[in-house]
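Take a look at these structures.
Both of the next two complexes hold chain A, though its partner changes from chain B to chain C.
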Partner chain A sequence: MATLDLLSINKSFGAAKVLHDISLAIEDKEFVVFVGPSGCGKSTLLRIIAGLEETTSGQIMIDGKDVSDAHPVDRGISMVFQSYALYPHLTVYENIAFPLRVQKMPQPEMDAAVNRAAEILQLTDKLQLKPGQLSGGQRQRVAIGRSIVRNPKVFLFDEPLSNLDAALRGDMRVELSQLHRSLEATMVYVTHDQVEAMTMADRIVVLNAGRVEQFGTPMELYHHPKTKFVASFIGQPNMNLLPAKVLGSDAKSLKVELDGGHQMVVPVEAGLVSKGDNVEVGIRPEHVSLGDSGLSVTVNVLERLGGVSITYGAVGNGTRFCASLPGDAAIREGTPVTLAVNPDDCHVFDANGDVLSRQAAPELAG
Partner chain B sequence: MMDRYTKLQMAGIYFAVTIFLIFILLPFFEMFMASLRPLEHLFRSPYQFWSDDFSFQAYSDMWETVPLLGRYIWNSVYIATMVTLLTMIFIIPAAYAYARLDFPFKNASLAIFLGVNMFTGAVLLIPLYRVLRTMGLLNTYWAMIVPGVAFLIPTGIWLLRSYLEKIPRELEEAAYVDGASRMYTLRRVVLPLAVPGLIVVGVAVFIGAYAQQFLFAITFNQQRELQPLPAGLFEFIGYQDVTWNQMMAAALTGILPVMVIFLFLQKFLVAGLTAGAVKE
Partner chain C sequence: MTDVAQSSTLETSFKTRKTMSENVFGWLLIGPAMLFIALIVAWPLAETVRLSFMEARLGGEKYVGLENYQDLLDSRKFHQTIVRTFYWMFLSVSLKLILGLIGATLLNAAVPGRALFRVLVMPPWVIPIAIGMIGWLWLYNGYFGVLSGTMMSLGITDGPFEFLAHKQSAFYSAVVADVWVGTPMVTLFFLAAMQGVPRDLYEAAYVDGASRWYRFRRITIPQIMPVIVSMSLLSAIFTFNSFEIIWILTEGGPRGATTTLIVDTYKTAISNFKFGQGSARAVIIVILLGTFSLIYLFFLNKVNRYYGNGKK
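And now, the complex of A and B:
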């Protein structure tokens, strides 16, 4: 039951400025994911919310109260660390009970609280074991148990799944989403994995070099990325970015010639872009299909995943191009294919990497 | 296997180990041999390594030659134990502070600690004597304990600090986020995980305390009842002759309890180092 507001957060380590004027308003019960490449400042931002790092300037408000100088417990946050940070010499019970022992909670209440957490996380029969006797996923659950046991207002997760293998990570994603729903808590989750971000988040914050690139719902980021960075970061496989030249424009569309000679009219607002300018056209791999006319691509590598086939190839002057085609598409490595592109699915970025507003993109529900 | 050696390499390794062990252990062996033979045999010429009339006579005679021998052995262990306990009380918070906190002159003061180690107690004996006299500690146990503690703190801080630095910082951050104070975290999280390191440092301090007490004992203490074993051994040097065999027997008896403790601790140490890995 808490809102979390960040007001103009700045952070420098010595001369290095790692966070630039970050302002976010996170709503009650929202699951917000901070995503970005390594070194973008996402973990630092989380540690600032936790109270493990001080801001250089700016304010942190939880439930409308300024907690910038408060201790983590007084902020009402709890945190799950990347390495789980379990105490190896204590049993699962003691690990989960640790925050309550610090509060000097009476034993019967503590038993009840620990058992309730253990029940939620299916750890009831593991309470007397040491962390060393548990599997990776179980350890992860113990770490989560320790964070839920004292009913914080805001949960913070610092790349909690990065130490798990791929299959377990998928399971834990589902468990975390369920946990979020059953606890009805505000959660902030840091990851560098855009799949985790897309699957779990109510809203995603894309960070790059200490700045917020975009803050929005997963589908908003997918269909309406504001910058080239967001466009290429969200979506799997990554969006293709083809250099193009503007041939002409009107109010609702832009005529471009792609690298390789293919011409098309993309329904975007031209804005300040005019004839002769260089732009980049973004085409998602899943938005192309085999056709008679369109982009001519030489397929270098073909990955057949069953349901889909991913091809990696090159267009024009060697610009890399990836396409996601039906599983049994009749293609072979080393041969050219023609890929049809619907201009309505394309994104256009100006020389600064900012998007030109799309006219044909799907309307977003809520 | 990465660490497989050829036969020749193994032979070389064992040869080197043998040389090293002989160098270390031969004095103990000679002590033992000397303690077994009658005094007159020790001065025979040519020197006989093996004699026929070995006996443990010296081990019973020594208690009569030096009636306070038991007391001396006890004093040695008592002083070394007290020094170790007191030193640890000072070392633990200091090492933790050096490992985790930031404060002015941190590196400078750490370097000074190391610098102090370069002075042996001998250089400072006279000023120390004056200090102890002013404080009225001469001829008490404290005269041997206080300087012992002072000289062992620097090494201990250096040893323990590097051990504490290896404990993952995230564990302490987790405790901090859950509301634990520094001292609570130190007591409940850091120290339990540092047990192997504490034993290593404790053992090193104990050895140091045991070895250095001789100098402090003969300078700062005149009271026979308080003397530790190394000083007490002097009583085997009589006006007429030196009962070497009894002196060797007493020396061996004196270090025996310590050696037993160490054999026991060594097992503990290996077990402690491998158990409770933090994460893979």
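And now, the complex of A and C:
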């Protein structure tokens, strides 16, 4: 297995620049997820690592060796496609064996390799079927099997679960995580689904408009988002961002007045922000509770999920606000509630969307 | 009767009524087309079969039973015509398929000006065959033709060479012209099929180290195989029945070298006014092509099952 280093990767399609100076160092045996909205360049970046696209400039190093101009096979990567890219006219066995046939591997070795992969992926009794006879999840496994037999240094996954239904996606997430542990492989995984990113990744790369917004562990991104984009992308439901005015600051805190008049002192370093500036205060839906004093929110929609009640409402001049409250919270649609907010849980973003350093963030797990 | 039983009876009677009126409506819709086909296909076909048992000339008809067929089976010349027809078909169809496959692969490649090339393959198919063949007549002409002229200037021949005047060269010249007319359609069908192959399959194979040739052999060919098989059937029928090309170039000559079954039939029935004997030949063509198509369809079914994705 191997390390993967990207050094100043740039990519343009004609006049359109899609990747801006991307540098990442991915450790051996690490599971890294590229996450971001559609069109952020995550799939392009993966295809560049695979050797399916050329960079405009920059270097790709696998195990310290420059493979920027190497053929995918010489890079030692294998890739699982979003569509699975199974050959419909070939059996499951032949699909999995395809890369080995290309290498002209002797039949006994090929049998052993295919059977081993089939065993890991529970496909042993499906080897003589054709892809059309398999379910979505089984097809996905065949595609993974084709990757495994190659014994690659780096596995690449391009949104492999997006064609599955929600229940199966959950199962496959678990299976992929287990596979990662058992193969002890370096894996790079692309998705637009932040739940997949949070649940599977050792580290997450959040991409936005062709730039790396942040590279860190899931909990680091959750507790210490560097930008407003990361803060609102990571976490479910999304973080609330309330416009606020700075009333004053000292070395370790900032006094703000939120849209709607609520005032609070947030323990963040003011940095370049000073009195009178406009900022945004980020509050995660799960970090509020029903209380006697705090934000006054009019409840518009209430979704009772059993364990929690997701409450959608508005504060101040109609800024949307979402709160995740206990399942049996005594609230009703159309009525105002008061939500208590702990300033320690709040994030503050300056006018550029950059975060002000938090003073009271929780210790990171792990 | 319970409510459930009652409602299901109601439903059934409603369904039956609906189906009946739908049936009548359906027959009304296809009626005109059926009548039209009966007039222009079924009736002439039946008439041809009837005539094949007659000695029919301009003057009148006389029933002769199977005599026309007996004559054909005994005729060495007719046997040669059948062999020639199948050789003509085999050669021409093989060339069309090979050239079509090569052409489609080139047109499918990401080269600049691809759209222009795609348009440029069309003319042989689009321009009327008669006009195209007059062009070929000029090309093959010994005194004015560019081919003969080029061969002379290169010293391959001493004097003018009439391509259509010698038995061997006339046959192959006609094959070339037929291939010229038939290849664009095959090419475009293959191209359409190739464009339907998902790009992911090629990318996956590329990542796995498959060469261009390997990808062509193991992905493109199997993926377009059903189209290859059906195009070879269509093309075989077209080529078997290809009449104008031969007629305009050689009228079946010299000394019968380019006389295929269809040309022979025309010569017998229309040029020599032997309608009965001509009809017998036409019936044999129908039987041959019918058998050929049945075998082919059986084969196509097998291919589709083999190269399909396993779905029923």
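Here, the second predicted complex is superposed on the first by the 364 of 366 C-alpha atoms of A that agree within 3 Å, B and C clash if a C-alpha of one lies under 4 Å from a C-alpha of the other, contacts with A are read in each partner's own complex, and residues count from 1 in each chain.
Criterion: contacts are C-beta pairs under 8 Å (C-beta built on N, C-alpha and C of every residue); 3 or more make two chains touch, one makes a residue touch a chain.
Predicted model only: the values in this text are computed from it and were never measured.
Novice: For the combined arrangement obtained by superposing on chain A, do chain B and chain C clash, or do they fit?
Specialist: Aligned through their shared chain, the two binders clash on chain A.
Novice: Is A:180 touching the first partner chain B, the second partner chain C, both, or neither of them?
Specialist: A:180 sits against neither chain B nor chain C.
Novice: Check whether A:88 is in contact with chain B, with chain C, with both or with neither, and answer first, second, both or neither.
Specialist: Both chain B and chain C are touched by A:88.
Novice: Is A:79 in contact with chain B, with chain C, with both, or with neither (first, second, both, neither)?
Specialist: A:79: touches chain B and chain C.
Novice: Counting only touches as set out at the top, which of chain B and chain C does A:133 meet: first, second, both, neither?
Specialist: second
Novice: Could you say whether A:224 touches chain B, chain C, both of them, or neither, answering first, second, both or neither?
Specialist: neither
Novice: Per the contact definition in the header, classify A:98: touching chain B only (first), chain C only (second), both, or neither.
Specialist: Both partners, chain B and chain C.
Novice: Under the stated touch criterion, which partner chain does A:347 make contact with: chain B (first), chain C (second), both, or neither?
Specialist: After superposition on chain A, A:347 lies in contact with neither partner.
Novice: On chain A, which stretch or stretches are contacted by chain B in one complex as well as by chain C in the other?
Specialist: On chain A, the residues that contact chain B in one structure and chain C in the other are 50-52, 71-73, 77-79, 81-83, 85, 87-89, 98-99, 102-103, 130, 132, 146, 150.
Novice: Using the touch definition from the top, list the residues of chain A that touch chain B in their complex.
Specialist: Touch list, chain A to chain B: 50-52, 71-73, 77-79, 81-89, 98-99, 101-103, 130, 132, 139, 146, 150, 163.
Novice: Note which residues of chain C are touching chain A in the complex, please.
Specialist: Within the complex, chain C touches chain A at residues 198, 200-201, 203-210, 214, 218-219, 222-223, 225, 306-311.
Novice: Could you pull out which chain B residues touch chain A in their complex?
Specialist: 168, 170-171, 173-180, 184, 188-189, 192-193, 276-279
Novice: Given the complex with chain C, which residues does chain A contribute to the contact?
Specialist: So the residues of chain A in touch with chain C come to 50-52, 71-73, 77-79, 81-83, 85, 87-90, 98-99, 102-103, 129-133, 146, 150.
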